[in-house]
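Both of the next two complexes hold chain A, though its partner changes from chain B to chain C.
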Partner chain A sequence: MTDPLPPFILFMAGALLVPFVTGKWKSFFLLFIPVLGLLNLLRMQEGVYWIVSFLDYHLVLGRVDRLSLLFGYIFHIISFIAILYALHVKDDIQHVAGLTYAGSALGAIFSGDLFSFFVFWEMLTVSSIFLIWARRTEASLASGFRYLLVHAAGGLCLLAGIVLHVNQTGSLSFDYLGLNGPGSYLIFLGFGLNCAWPILHPWLTDAYPEATITGTIFLSAFTTKVAVYALARAFPGTEALIWIGAVMTAFPIFYAVIENDLRRVLAYSLINQVGFMVCGIGIGTALAINGAVCHAFNDILFKALLFMSMGAVMYRTGKINGTELGGLYRTMPLTCIFCMVGAASISAFPLFSGFVSKSMVMDAAAAGHMRIIWFMLLFASAGVFHHAGIKIPYFAFFSHDSGMRPREAPVHMLLAMGIAAFLSIFIGVYPAPLYSLLPYPVDYVPYTAPHVLGQTQLLFFSALAFTLLLLSGIYPAEMRCINLDADWFYRKGARLFYRLMAKALNPINEACEQLFVNGFVRIIAHLSKDLIARLALIIMVTFWITTGLRGQRLRMKKENLYADVMAGACPIGIGAGAATGFLALVYLLMY
Partner chain B sequence: MKHPSVVRTDTGSSNQQFSSKKYLFDNPRNIKILLGCFYVSLFILLIIEFFISKHPHYPWEAWPEFCSIRLCGMCCPGRGRQIHPETVGKKTRGLL
Partner chain C sequence: MNLPNEEKMELTHEPVSGYRTAFFIAITIGVFYLGLILLKTL
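On to the complex of A and B.
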């Protein structure tokens, strides 16, 4: 029996072979890759594998422990679901990009050193861009370029941090780093950008809704979750993360409520859910880390389920704005049911997956006596039910009758949604198998009477608030506009920066132009024009005067010599003499 | 009553046709039943709290109906920021 292969190899090799597989075998081939990958992963034991020597360092391509294994499992599962969902896609670019993207994510989470982690991290960016550009619209092209620029900046930040860290510590090992120097701060910031921290987040809400229908499923699963993994690996217990995470859970709610594009609403809710994970990592206790990782596992499933249901709606109707949809439960009942399962899971309804993981982070905050954080998380729990739990299914499938009667989603899409929905319910009902995979031993019971009652009350009365607001007609309306969000700071701030720089730098620029372009350079140009001729005149006139040459004859010889040198027609002897003199001068200067 | 509807295919083409089929929530009575069940559930949730012993992390969690009534007000983010009843409110009012 052969040894297991590095998990990313199968996906990368599969991506390379995709264009060469045609016909009915293509679907089997695409689905076979994650299945084979998962079988390969199941054979792996904890330890360190595939060590490669590079310069004076050892690169570890396979550091397998409980944390990386858990992410490895879910990345394989979601790859299978996303590929199944995308079987109708004939565009090879999307399949290749999707597999490369998944492979890069696997490479990153199993990397045991910072260098190979950085390589896979950058591959994540490059491969994911094609999932955005593959939609081939003007908006997706522009959005992809913005995504590229932001992630290139984040990548450079990470690289600079790694270089400084290695210089400081001499170690490439990707383990606990903590905030203990400029290098670690840059790495922290690099991770934070991919994690969509507040102010750094507009790339996510800008790019994800512009990606292809199937591309968004991949995008929702990998980039932010690899960043969550990286934070859990390198910065657990970092206090700053508690507040960053808490802000992440709260602020997207306000934008999601007024957003019209339902996939953008989900992008905001993605930030909200990642906030719970970041907060848990910041708290840093065993319960909090378990909660963060467990929630990452669940979030990948129910967020993909929600994106898939909205993708199916978009696929059938060509529309995704809440104001243009409505009443689709009539002809898309299964998609509607799957969407509601996703909505119940993200809202942490009892018996759905979110319930068994989100509460771990909240309990960890409460156990740490973090009152404000706990209250912010509670607010976020109610808020996410509002925008993702109610708004998404309500405006897409119920609400007013849009008049559209599209067909139900294709079978393969329904199957993909069905698997994700089944797993969301299964984990919610029976969380023990997932708990057994978590990094630390789990001593947590989610199903206690007060917990179930409190959470149900919170959600039901949130629904009551929604109903009352809607009935009274004062629910914040969706508008056909673009929410600038934190982009406002970049757009306004960039203009302000431009003006300040113009005022500060333009006078310096003009002074330099006067001094160097109009002054110094002109003198140099003037001298360069006839410097050699004048030097020749100084030497030769001195020589001629010593030989007794005077008057008209001296003037004629001076004019002839000047004209000859300027025309480049001076005798060879003079040229040779000048060259010899120059070499002699250089020799004297050197010695 | 017949009303115009649009049938769209995945290729993006659409055509108008008339559909007289009635669906679950086309009947206002079904919506009323649903809302009735919802209100009853809320009432049960309010009552049941008095029969379950709580294990609060904070003192305020022990207050009666903390999670229900008190947190209900938190669920109106952005209320009053952008109110355009002509777009959503009126359309949905008919349904509910």
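On to the complex of A and C.
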């Protein structure tokens, strides 16, 4: 039996072969890749594999441990679901980009050194852009470029951090780094950008809703989760992450509530859920780390489910704004049910997956006596139910009747949603198999009476608040508009930066132009026009005067010489003399 | 202005009489309840 292959290889090779597979075999081929990948992964034992020598370093393409395996499993599962969901897509660019993206994510999580991790990290960015551009709209093109700019900056930050870190420690190993030097701070910031930390997050809410229907499913699964993995690997227990994560859970709620584009609501909700993971990593206890990665596993499933249900709505109706949708439960009942399963899971309803993982992070905060953090997480739990748990299904499938009667989603989309929904419920009902995969041993019991009661109470009061806000007319109207959050600073800041630079640099530019272009170059041009003739005159006139030549004769000889040199008919003696003089000058300058 | 897809610009939520009062009563009770819990836990 052959040894297992590096997990990314199968996806990359698959991506290369996709354009050459045609007809009905393409669907089988696409689905076969993650299945084969998962079988390959299941054969792997913990350890270090595929070591490649590079310069004076050893690159580790396969560091397999419980943390990387957990992410490996879910990345294979979600790849299968996303590919199944995208089977109707005829655009090879999307398939190739999706597979490369998944392969890059797998490459990153199994990297045992910072260099190969960086390479896969950059491949994540490059491949994901095509999932945005593949929508081929003006908005997607523009947001793809913004995404590229932001991630290029983040990548440079990470690279600079890696170089400084390697210079400082001499080690390329990708293990616990901690915040202990400028290099580690830059790496921390690079991870944070992909994690969509507050202020650094606008790329996510800008780009994800502009991606293709199927591309968003891939996007929701990989970039932020690889960053969560990287933080869990390199910065567990870093206190700053507790507060960053807590803010991440809370602030998107306000923007999600007023947002009209339902996929953008889910993008805000993605930041909110990643906040729970970041907070858990910051707390750093075994329970918190388990909770963070367990929630990452669940979030990939239920977030994809929600994006898939909204994608199905968009696929059938061509619309995604809350102002345009409503009443679709009549003709899309299965999509509606799957959406509500996703909504219940993200809201952490008992018997749904979010309940068994989110509570681990909250309990870890409570165990650490982090009262304010716990309260922020509690507020965020209520908020997420409000915007993702109620708003998404309510405005898409119920609310006012939009009059649209679209057909139910295609079978392969329903199947993909069905698998994600099944797993979300299965994990919620029976979390033991998932708990057994977590990095640390688990003795956590999610289904205790106070926990179930407390969470149910929170959710029902949140539902009551939504109902009362809606019926009292206080709930903000859904409006067709562009909501700016932290990107306001980028837009205003970029304009201010542009003006400052224009004011500061343009005068320098003008002075340089005046001095060099209009001054120096003009003088050179003027001189070079008859420089040789003038030099010849200086030398020869001096010679003629010393030989006693004067008056009319001297003037005539000067005029003849000038005319000859300008015409290129210079006497050989003068040419030889000039050459000798030039060589003498060079000799003097050199010594 | 005619929008190309004739999309609604705004989806307002018309108030149902009596619910605004109910909302404020619920908010008041909620704030007192939370305040009480906070005082007891500090």
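Everything below uses one rule, namely that the second predicted complex is superposed on the first by the 529 of 591 C-alpha atoms of A that agree within 3 Å, B and C clash if a C-alpha of one lies under 4 Å from a C-alpha of the other, contacts with A are read in each partner's own complex, and residues count from 1 in each chain.
In the analysis below, contacts are C-beta pairs under 8 Å (C-beta built on N, C-alpha and C of every residue); 3 or more make two chains touch, one makes a residue touch a chain.
In this text the structure is predicted, and so the values were computed from the model without any measurement.
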| item | value |
| --- | --- |
| First, second, both or neither for A:N321, with chain B first and chain C second | second |
| Partner chain in contact with A:Y176 - chain B first, chain C second, else both or neither | neither |
| First (chain B), second (chain C), both or neither touched by A:L471 | both |
| Winner by number of chain A residues touched, once chain B and chain C are compared | B |
| Chain B versus chain C as contact partner of A:H400, first or second or both or neither | both |
| Common interface residues of chain A - those touching chain B in one complex and chain C in the other | 322-323, 371, 399-400, 461, 464-465, 469-475, 477-479 |
| Residues on chain C engaged by chain A in the complex (per definition of touch) | 7-16, 19-20, 22-23, 26, 30, 41 |
| In the complex with chain C, residue positions of chain A that touch it | 319, 321-324, 371, 399-400, 461, 464-465, 468-475, 477-480 |
| Residue numbers on chain A that touch chain B, as the complex places them | 253-254, 257-258, 315-318, 322-323, 326, 329-330, 363, 366-367, 371, 374, 378-379, 382-383, 385-386, 398-400, 403-407, 410, 448-450, 453-458, 460-467, 469-479 |
| Parts of chain B lying in touch with chain A, wherever the complex brings them together | 3-10, 12, 19, 21, 23-25, 35, 38, 41-42, 45-46, 48-49, 52-55, 57-58, 61, 65-69, 71-85, 87-96 |
